[in-house]
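Here the structure is laid out as structure tokens; the discussion comes afterwards.
Just so it is clear, A, B, C, D and E label the chains in written order, and each chain counts residues from 1 on its own.
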Amino acid sequence: MLICKVLKPLVSTNRIPGFEHKHLQVVLDGSAQKVAVDAVGCIPGDWVICVGSSAAREAAGSKSYPSDLTIVGIIDHWDPDADKPEPTIANPPAPGPTPDPTKDGKG
Amino acid sequence: MLICKVLKPLVSTNRIPGFEHKHLQVVLDGSAQKVAVDAVGCIPGDWVICVGSSAAREAAGSKSYPSDLTIVGIIDHWDPDADKPEPTIANPPAPGPTPDPTKDGKG
Amino acid sequence: MLICKVLKPLVSTNRIPGFEHKHLQVVLDGSAQKVAVDAVGCIPGDWVICVGSSAAREAAGSKSYPSDLTIVGIIDHWDPDADKPEPTIANPPAPGPTPDPTKDGKG
Amino acid sequence: MLICKVLKPLVSTNRIPGFEHKHLQVVLDGSAQKVAVDAVGCIPGDWVICVGSSAAREAAGSKSYPSDLTIVGIIDHWDPDADKPEPTIANPPAPGPTPDPTKDGKG
Amino acid sequence: MLICKVLKPLVSTNRIPGFEHKHLQVVLDGSAQKVAVDAVGCIPGDWVICVGSSAAREAAGSKSYPSDLTIVGIIDHWDPDADKPEPTIANPPAPGPTPDPTKDGKG
């Protein structure tokens, strides 16, 4: 599964009926923007787990749902810069601000 | 799903019968050109959502349709340069507005 | 689907029985060489459409055929340099020669 | 299958019910961090085999499990720097410390 | 399918039962090391065809086998440097030594 950041909802009026009423979110996977079906109810700024391949379909609700990327969980705490192999930096910048603290878990 | 730009239709006279009469479009995924089956009726210049993996097959019409990339929706409004991580800028703009604080849980 | 150029047939005497008698072709996907099952009858120099994922299997003949990349169509006319985002070039080279005109469709 | 290094467990309170009680691990695939379902019981520092595609599902327990990356084995001995095509280095650094010796296999 | 070079067998004592007794090989796909299930009986130094996606499963023996990469054939003759788009080189090095001549096909 991928670790992605939710950017914003995506509106597509002209789409195949198979998508039904489910929400689509633009997510950031590394530096690439992708579209994922939202199965958990997330908001922009959330760090989420996205499942791909055929598993994205059942995760979105049914074996025949036409998704290849589905948001299946919101990560409780995620520091995108932790655990990364880092290049040598002479003067590292100060740590960034804390992510949105108003998030509350649902379900 | 991928966010792609439609470039032009693709003509392939000598192709397997399984493709039937469906239209093929050349789409741009980042800097790579790919071929997608058009399930919504789009035109060159449209920004579209493309689904891959096994979901591309049912999205194209049936479980046995031989597609691995199907156009499943036309995006209403898309600015390809928005929300991208940007290279180092001497005078960064002021931080953007806070993400939607009215989030409510669903499900 | 991918747009690939056919390079040459591939011979593999010691292979699993599941491949049957089908022809394998070495194709060029960007700068990477891959192997595809030939379902249309193509020759070196052809620009072809290759389907991957689970769709490659039925495209090669049956649901249980062990292919993850199958040539499903020969593109009528393809200019690999058209429609690409191009770097600034002071003096672009003259257009290349026309692709092999001796190609004839089979099947 | 991928050869990955286990970094740490991942906590996602708000996730789809389909994940059940299975453990999720953050793994390092080259320089990319991904999330995998743990089917063998591994600990941070382990070098593991991760299976993707539709095989990740049955490997995680059932045909309908929503995983696209599942840890299916712990590698007995792995030297990440062996067998790699290496760039020319004038004075290579001394070999790093032995990986975590507190690892114990489970299951 | 991918064209890979076999590097060495991989030993994983603690692995899921689904792998049964099949051999695993570390293979080189370009510059990335991956693990593949050996369905043909190959040895280090062999150039092989590896199939991925869901086709890797049946190629490894059954629809439910948990592989996403299976070695399905040994290539009779392979020159990794042939047919590659090459950078301009003033004085190309002499051709390398012939690959391991002790290879013998099995099965």
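Heads up, the rule we're going with is that a residue touches a chain if its C-beta (ideal position, glycine included) is under 8 Å from a C-beta of that chain, and two chains touch if they have at least 3 such contacts.
Being a predicted model, the structure only gives us computed values, none of them experimental.
Chemist: Which contact partners do subunit B and subunit D have in common?
Modeler: In this structure, the chains that contact subunit D and also subunit B are A.
Chemist: Give, as an integer number of Å, the spacing between the C-alpha centres of subunit E and subunit D.
Modeler: Taking the average C-alpha coordinate of subunit D and of subunit E, the gap between them is 21 Å.
Chemist: Could you give the separation in Å between the centres of subunit A and subunit B, each centre being the mean of its C-alpha atoms?
Modeler: Computed value for the inter-centroid distance: 17 Å.
Chemist: State, to the nearest whole Å, the distance from the C-alpha centre of subunit A to the C-alpha centre of subunit E.
Modeler: Centre separation, subunit A to subunit E: 34 Å.
Chemist: Taking each chain's centre as the mean position of its Cα atoms, how many Å separate subunit C from subunit D?
Modeler: About 34 Å, centre to centre.
Chemist: Give me the residue numbers in subunit B that touch at least two other chains, ranges are fine.
Modeler: 52-54, 56
Chemist: Please list every chain around the ring, with subunit B first and subunit C second.
Modeler: B, C, E, D, A
Chemist: Within the complex, which stretch of subunit B touches subunit A?
Modeler: Those in contact with subunit A are residues 1-3, 30, 39-41, 49, 51-56, 58-59, 63, 70, 72-77, 83-85, 98-101, 103, 105-107.
Chemist: Considering the complex alone, what residue numbers of subunit C touch subunit E?
Modeler: Touching subunit E: residues 7-8, 10-16, 18-19, 24, 26, 28, 31-36, 52-54, 56-57, 64-69 of subunit C.
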